Amino acid sequence: MSHAVLDIRDLRCERDDRELFADFDLRLEAAQALQLRGPNGAGKTTLLRCIAGMHPEYEGSIRLLGVPVSGDQLLFVGHRPGISGLLSAADNLRWHLDLAGWRGSGGVVSAALERVGLIGYEEVPCQQLSAGQQRRVALARLALPTAEVPLWLLDEPFTALDDAGLQLVSGLMAQRLAGGGAILFTTHQPAPDLPGLSTRWIGAAS
Amino acid sequence: MKYIPDGLRRLWHRMGSPRWFYETTGSWVPWLAASAALLLGVGTVWGLAYAPPDYLQGDSFRIIYIHVPAAYLAQAGYMLMAVCGVVLLVWRMKLADMVMATVAPVGAAFTFLALATGSIWGKPTWGTYWIWDARITSVLILLFLYLGIMGLRRAIERPEAAGRACAILAIVGVINIPIIKYSVDWWMTLHQPATFSVTSAPAMPPVMWIPLLLNVLGFNLLFAVSVIQGTRTEVLLRERRTRWVTDLCRQERA
Amino acid sequence: MRASPGSEASLWVLFRGQLRRDLKLAFGQPSELANPLAFFVVVITLFPLGVSPEPGVLAGMAPGVLWIAALLATLLGLEALFRRDRDDGTLEQMVLRAQPLYLPVVARMLAHWMVTGLPLTLLAPVLGGMLNLAPEARLPLMLGLALGTPVLVLLGGVGAALTVGLRTGGVLLALLVLPLFVPVLILGVSAAELAGSGLDPTGPLLWLAAGTSFAITTVPFAIAAALRIGVETG
Amino acid sequence: MSFDSFGEFLAMGGHGFYVWWSYLLTVAVVGFVLIWPLWRRRRFLAEQRGRLRRADALGQQAEVESNAPEA
């Protein structure tokens, strides 16, 4: 029997003494993308953090490919960039490769930076880049070979990006979907044009 | 857990339920308190009035009838926190966290008592209220460890995270306690050691140690009463949003 | 191409990558590197001024003074140990992705030791000379610091990890870790004192070595567990 | 009985001050340890009662109960 990439059942989750979810189910198959929408405080970020294992106060079952979630099966891009401002873009990405135990050529780093349009900025400390450029460094992680994992969790991936950046990120997402990955993301903007995309409202609208 | 008989496993799970704890232990408290009062009454009167004076220390040795139980509880309390910490981290039993949160101030109070009585005992014996005796120094460090745990719990807002953080600290601390104790003992042998310490009274006759035993038992029961009462309160606080606690509050009002 | 998780080679990549990153970060800010060392030197300078410049008096208290100053200098660097990583989100990436988390934690602590404990150790004999420390005590002092500062850094790491998300960092951190430093302090000072009075310092040094190996193998697990709590939603 | 008179008992062979201070301190600590949890409990119940009364007065009993999942 084949398992869904992400299978959430009977999720009940609280935060600061307030119930965010009760009897919440969610199922995401390979090559599917799901956009979470809802007002601020509805629990979109908390849901992503529950899945990533960074919010342990929940009841219910969260399974990735039929087994409990393991950090090396997913890629999480949160509000915090995961990029150190004191290091260069290349050093930051190299560290992300090392974290995943990547043993291939380091050439993939410049390829990823080229993909997000940061050619020539490889060795500049990230804190000297503009906010949009820093955001691109964070998103360059999506273009690394270590991003080829079954599930992406993206929290507001389109903030601080110009139109070109938006195109770029939706391109990376489409590529991952074509490669058989599943994507769960939050955004306040209207959804970009992606194959296999559906939208789910949580919070007030439900 | 697979090889544990079913009945035992069910008991374990039931014990993990704060509500079960609250409803079961309520009736224990009066009995425990009465036994504690009896033991402490007999032990203390015996120790204060009937035990003969120590041939070296005179009547000031009667302080041991409270100092020893307090020092014992100070250490036992920390151990209990570490055990609760393991239970919390391994089995995620919330009740263990509630016990741990309750034990900290009680254990710290007894640690303070051990320290204060040891220091008061030092005045007639050594001629000064404070001497860097190995045991007293270890107890002082134990007090710091308690204060650290209490400080950490206060500093972390989410009770769930605070519990696990304190569990880690308690486990690290409990591994360190014997190391601290032995290193301090060893350090004393390098420097001028105090000739005798508050608990090293040579070969006590039964008329002196039986009251000590009674008091140790009595203090243990007292500790149990306090921890059970404290945990019951903690259960109510943490489960205040559940229906059974709301109902209980309504009943209390009526 | 991608190493299967857990294979030896990818474990090495994980360890080396973290170490390289942390060393780059440390050497990227020379001031933060120098501050604990400057603190160490300044504190040592205060003792002759505050207590007595008498060579005999200084020699007697030199081991203790050097060790306590080293202890406080270690403490100084701890608060920032994980804080910046938490703020920029690299800590949550590390906790999430690294398998096992033990390895990058060890690398993190090793890097921190290389920029705090190691320079302190190398500087100690010079400052010992200024405090009139007996020449035969200098090597045992250095050995003691070399063996003891890793334990200080590791135990301090537990405190730093436990307080990483908290607003009331510094004082609480000191309260958490200083009592745990006691055995290291006692053993380290004793080694130097024994050697200074012409006795054999190997006993306490061996105990320190035992403690260091025990701490290296076990304490990173506690740090890792504490970091997992630290990255949870606050 | 190791003392001949009540006066001697109080004097404790000249160490009365230390012995009685220790026991006084013990009574204080034991009192604290026993009363503190009870005091917390009383405060909690008073608070909850206040909350429930407020909820009742507002006719919003439902608010409290909807917040209360079955234990």
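A, B, C and D are the chain letters, set down in written order, and residue numbers restart from 1 in every chain.
Convention: a residue touches a chain if its C-beta (ideal position, glycine included) is under 8 Å from a C-beta of that chain, and two chains touch if they have at least 3 such contacts.
All figures in this text were calculated on a predicted structure; none of them were measured in a lab.
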What's the minimum number of touch steps needed to get from chain B to chain D? 1
Chain pair, A-B or B-C, that carries the greater number of C-beta contacts: B-C
Using mean Cα positions as chain centres, tell me which chain lies farthest from chain D. A
So, what's the distance in Å between the C-alpha centres of chain D and chain C? 43
Averaging only over C-alpha atoms, locate the centres of chain A and chain B and give their separation in whole Å. 48
Would you kindly tell me how far, in whole Å, the mean C-alpha position of chain D lies from that of chain A? 52
So, in whole Å, the Cα centroid of chain B is separated from that of chain C by 32
Check each residue of chain D and list the ones that touch at least two other chains. 67, 69
Any chance you could list the residues of chain B touching two or more other chains? 158, 241
Multi-partner residues of chain C (at least 2 other chains): 232
Parts of chain A lying in touch with chain B, wherever the complex brings them together: 17, 56-57
Applying the document's contact rule, which stretches of chain D touch chain B when the two form their complex? 1-3, 9, 12-16, 18-19, 21-23, 25-26, 29-30, 32-34, 36-38, 40-41, 44-45, 48-49, 52-53, 64-65, 67-71
Chain C contacts chain B in the complex at 155, 158, 162-163, 165-166, 168, 172, 175-176, 178-180, 182-183, 186-187, 190, 193-194, 211, 218-219, 222, 225-226, 229, 232, 234
Spell out the residues on chain B that touch chain D in their complex, using ranges where they run on. 19, 44, 48-53, 58-60, 62-63, 66-67, 70, 102, 105-106, 109-110, 112-113, 116-117, 120-121, 123-124, 222-223, 225-226, 229-230, 232-233, 236-237, 239-246, 249-250, 252-253
Which of the residues in chain A come into contact with chain C in the complex? 15, 45-46, 49, 52-56, 70-72, 74, 76, 78-87, 91, 94-104, 125, 145-146, 148
